[in-house]
Amino acid sequence: MYLVVEQLLNGLQFGLLLFLLAAGLTLVFGIMDFVNLAHGSLYMMGAYFAATFVAWTGSFVLGALLALGATLLLGIALEYVALRHLYGRDHLDQVLATFGLILFFNDAVRLIWGPAGLALPLPTWLTVPVQIIPGVYYPAYRLMIIVVALAVAALLYLVVMRTRVGMLIRAGASNREMIGALGINIKLLFTLVFGLGAALAGLAGLMQAPILTVQIGMGENILILAFVIIVIGGIGSIRGVFMAAIFVGIIDTMGRAFLPDLLRKVLSGAAASTAAPALSSMLIYLLMAIILVLRPEGLFPAAKR
Amino acid sequence: MKKAFWLAGAMALALAQPAMAADSVKIGFVSTFSGPTAVIGNDMRNSFELALDHLGRKIDGKPVEVIYEDDQQKPDVGKQKTEKLVQSDKVDFIVGYIWSNVLLASLKTAVDSKTFLISANAGPSQLAGELCSPYVFSTSWQNDQTPAAMGLYMNQKGVKSVFLIGPNYAAGKDMLAGVKSTFKGEVVGEEYTVWPSQLDFSAELTKARNSKAESIFVFYPGAAGVQFLNQYAQAGIKAQIPLYTAFTIDELSLPLQKDNAIGIPGAQEWVNDLPNAENKKFVEDYRKKYPGLRPTYYGAQAYDAAQLINSAVVAVKGDLTKKDAMKAEMEKANFKSLRGPFKYGNNHIPIQNFYLQDVVKDADGQLSLKTVATIVKDDQDKFHGKCSMK
Amino acid sequence: MKPKLNASNAVAALMCAALILLPVYSAATGNIFILTLFTRIVIFALAAASLNLIMGYGGMMSFGHAAYLGIGGYAVGILAAEGIGSGFIQWPVALVVSALFALLIGALSLRTRGVYFIMITLAFAQMAYYVASALSRYGGDDGLTVYKRSDFAGLINLSDRNQFYYLCLACLFGGLYLIWRIVNSRFGLVVQGVRSNEQRMQAIGFHANRYRLVCFVISGTICGLAGALLANNTDFVSPAVMYWTRSGDLMVMVILGGMGSLFGPVIGAIVYLLLEELLSQFTEYSGLILGPVLLLIVLFARGGIMGLLGRMRRG
Amino acid sequence: MADPLLRVDNLVRRYGGITATDNLSMEVVPGELHAIIGPNGAGKTTLISQLTGQVMPNSGTITFAGRDVTGLPSYRRSRLGLARSFQITSLLKDFSAIDNVALAAQAHDGHSFRFWGNARKERHLREVARAALERVGLGKRADIVVSQLSHGEQRELELAVALATKPQLLLLDEPMAGLGVTESARMVALLKELRKEVTIVLVEHDMEAVFALADRITVLVYGRVIACGVPDAIRGDEEVKRAYLGEQHAVTRHE
């Protein structure tokens, strides 16, 4: 029983981390209709900035805040210099251009920080496991990720549902022409949304840096997961992306945790040990394919909500 | 339109590198120099360059020319680079290859053209068995050997049960199979993680803790090793269940793993403090030549490859057409390996010792790897019987 | 329509001539490698051309096209490993398996549109990748060595560099000719009509998805052929060839060269792979150059290189 | 009266809380020009879309030429001889005018799984297309790409496309929308010609045109038929007058 609880927490934490990354992606995608493959690069930059600033300042929190600001500025600069010229273009043009940006960022990081990657050590108060219920210990830092991500989710919800900017964002996600009709400064709104998306990606990057690594190309594998999530959730929907991220996090974790044992009960040992890893690798893609076949617009399409 | 012609002309020129006069020793070096794993390629290149420095940049009086090619960690690109080296540069030796799949894709090109290929890292079982070739040598190991040594050490420690975790790809499976081949205790669980995309090992760690195993064995090379140790320590399992590793902690990952790596044993065929004169010189000069960096086993293997080439060329007095004589000389392993005792089996895979290494703070207060004991002497891979050496 | 003498057609003609004469150049200068390099380029050009059929003409953005490279390759590799070396068996099997795979994923994927379609094709390709990685009998992740190239009963020797190059080139030209015929046929017009306005095509009496699906299958089959060629060229096949970045490479080739233009993908493949090769000779930081180049092409050369050439004529 | 060519029984279509088509029944007899009028939002386009199969009804049946077509997708209905033009011009914008029409002809000329021959050189398809273009007065504009045609020409092209499918029943959704005075006059003249050959259902706002052309008129309000009859009867119908003068008096809004 404890095992299930702990695995659920693992899944929740992983899902929330993915949510931070995917939320920015779905906003940019939903509102500007812009496919940004370089979102993973912003995530990487967030982690590199954090590792650098934490080392400079000697403080985890201060370094993280500085890194957040730096990613925000980088996102705005990127939008201003290059990406705003790609709005309204074909998705494929955007894919090609932002693919180019991935190549650029990877090599730029390698040039500046070297190929070895960086470490982002945690302050000691975050390295101890916490007893959450008697007998179940959970890493403090992972708990912190859960708390921070939930806070961000709540904040995003408030901004999107309760503010004027949020109203525009929602309007934009369900009907793009409408923002133009409202006569507001679209360019500024887009720049802001892009900056927000970049900051969220940077936050995801720096939050995961102590658990994983700070490394070139770290954004690419996780970017695909983020795309899977926004597609499952329905593009442009914050609610959808939140549900889908947790769903994917939990399914992925539970699949890896319990699928092999389950299969071993059904299949022979040899067959199970070949099939189980392959199947749990495929699980998320399989899930996405099934969902899209049944609901071609994702679980929570933004346009209808 | 004119521009297109100029461009085409420039491309043709760039591709049409003229073959150089044959009075130098030409060596092609295929490794990964871009992307996150470039750090390994760089270390191999650094060590190879250092070996050439030590040889006076000459082999048997002939100047040495090395052409480095980036395989991008993709098999088909590695194959293309190998073809370029063989066909366009007409090299005498090809060295390098970090990845098994890149090596396997490139092997045929080298063998068909009768160009000597020296694997300075990749050691898939096929290379030791059915794919062995007179033209192919290894200065590393066969994949199973290192974890098998770890299994032996765990027996010596009296470990009764183990939980195995590794990435779900060929080398990962080889590694876990390697431990199982020698470990005498009970294997209570075996988990494969998605490679290379899985980033979070919490599910596996949770299972390991709940399995009540006495120990955990993992194989996670490169960045994944950093991630795993981070999560292992943060989950508090480090205080509960000891970890045994192969290829998870090295001088490249250590600066990122930091204190998380202290006290975690690993098996390796080379450690930086091995007490022989050549090795001391190698490590000292490496740290002098590349300030801030420390050599790794990848580098040591590349260094040995340069020495192996040198021995062969010297033996034929620089006549690079005498391939049989060079092969015969290389089979004798007539050079001083950085790892000490080193000889070749019938399949051109080294027969060598495996050492237990531990992480300690050295004199400068920096973390470094230290030889603790010799786990196994003169170990030979278990696939050599499948090699017919045609 | 009559072919007009304009910049894009001139470049296409020049390119074909250069491709045909390449072995002569290679023999004259003794530069064998350029032939090896271009063999690979020609194979990728065929794969890109097949992607262009669905992407450029059919409006179906498949992000999983590399799967067929792997499937065609594994068909050859697995049959060879099981002792069936005849190309007369291997190649048809490669084509049929690719077609069946395309039929299956096409039937499911075509329920979706737009980005959802992009992602579902990616999902299926990733599944193929993981299945191949799990084939431990055939090397799993390490891949599978093809010891002997496909045997065509002495008609053609695939191990001969020049013969193999011309075989690949013939497949490319054959593929392009086939695509050209298809594009101008009844079927091709329907497919392009559906790309342009699906609702309208339904209203005048076409079952849009049926045409889409057939087009998807044809494209996958041609790409399966490219996979069979690639396995023979590399003497090796591994799951890496199906990884999503490979599908991305193919898309880049098509967009770079010019979507919906017959020779666009060929030019795209040549430029992309040559740039990759050349830049890697000058610098290890090729992305610093290649990345911004891609961005600039998108910003200032809409419609890829073919689009650029088309505009040169008009001024 | 002859057997109806098209019969609609108790058709219902809801969007969320709004009932766009409310238990609607009507008949179209062969040879007539049947106009459907009604204020904005009366559900005219929704009705047409259900007739041609772009939208599926929640309940009710549609019978065409004696056959129940309620569940058939639009491409099948088109083959049976139901053709439509769209309210907002919906053509293949990057194709030439003649290609647009030829494709429509092709759809009704055997199957299109022909992969080899050049479809643009199939003479009979081109001839059918050219004839349809001549018919609507676009003969000289055949090779122009649609996006280069004027709005009026595009509306005429819509008609030519519908004609090329050799329909038994032509459903025209506001063919006069957005046309100038002269263009409208040309369209009316054209429809007067066409009605001699084919049964037409015409949805239109231009009352002058409707009363000049129609044999019978059906009036829709909030998805319901409030009147149906010959033009003179409709002109005198009190309920219709109320519906156009002030809807709140005549029609109670449903949930």
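Letters A, B, C and D mark the chains as written, and numbering starts fresh at 1 in each.
Going forward, a contact is a pair of C-beta atoms (placed from the backbone, for glycine too) under 8 Å apart; a residue touches a chain by one contact, two chains touch by 3 or more.
Here the structure is a predicted model, which means the values were calculated and not measured.
Engineer: By label order, what chains touch chain B and chain C together?
Structural biologist: Both-contact set = A.
Engineer: For the pairs A-C and C-D, output the one whose chains share more C-beta pairs in contact.
Structural biologist: Most contacts of the two pairs: A-C.
Engineer: Which chain has its Cα centroid closest to the overall Cα centroid?
Structural biologist: Here the chain at the core of the arrangement is C.
Engineer: Which whole number of Å gives the spacing of the CA centres of chain A and chain C?
Structural biologist: Using C-alpha averages as centres, the distance is 32 Å.
Engineer: So the centre of each chain is just the mean of its C-alpha atoms; given that, what is the distance between chain A and chain D in Å?
Structural biologist: 48
Engineer: So how far apart, in whole Å, are chain C and chain D when each is placed at the average of its C-alpha atoms?
Structural biologist: Result: the chain centres lie 43 Å from each other.
Engineer: From the mean C-alpha coordinate of chain B to that of chain D, what's the distance rounded to whole Å?
Structural biologist: 73
Engineer: Two-or-more-chain contact residues of chain A, please, as numbers and ranges.
Structural biologist: 106-107, 110, 224, 277-278, 281
Engineer: Send over the residues of chain D in touch with two or more other chains.
Structural biologist: Within chain D, no residue touches at least two other chains.
Engineer: For chain C, jot down the residues that touch at least 2 other chains.
Structural biologist: Residues 133, 136, 286-287 of chain C each touch two or more of the other chains.
Engineer: With chains as vertices joined when they touch, what's the shape: line, ring, star, complete or other?
Structural biologist: Drawn as a graph, the chains match no named shape, so other.
Engineer: What chain pairs are in touch here?
Structural biologist: So the chains that touch one another pair up as A-B, A-C, B-C, C-D.
Engineer: List the residues on chain B that touch chain A in their complex, please.
Structural biologist: Against chain A, the touching part of chain B is residues 34-36, 38-39, 42, 168, 190-194, 196-200, 202-204, 206-207, 210, 223, 226-227, 230-231, 233-236, 252, 255-258.
Engineer: Residue numbers of chain C touching chain A in their complex, please.
Structural biologist: 55, 61, 108-109, 111-116, 118-120, 122-124, 126-127, 130-131, 133-134, 136, 244-245, 248, 251-252, 255-256, 259, 285-288, 290-295, 297-299, 302
Engineer: Using the touch definition up top, name the residues of chain A that touch chain B in the complex.
Structural biologist: 2-3, 6-7, 10-11, 13-14, 106-107, 110, 114-119, 121-122, 127-129, 137, 139-142, 208, 210-213, 215-218, 221-222, 224-225, 253-254, 256-257, 260, 273, 276-278, 280-281
Engineer: Taking the complex as given, what residues does chain C use to touch chain B?
Structural biologist: Its residues touching chain B are 7, 10-11, 18, 29-34, 36-37, 40, 133, 136, 139-143, 145, 147, 230, 234-236, 238, 240-241, 274, 277-278, 280-281, 284, 286-287, 312.
Engineer: Would you pull the chain B residues touching chain C in the complex into a rising list?
Structural biologist: 1, 4, 8, 11-12, 14-16, 19, 33-34, 38, 69-70, 74-76, 79-80, 83-84, 87-88, 100-101, 104-105, 107-109, 124, 126, 131, 168-171, 173, 195
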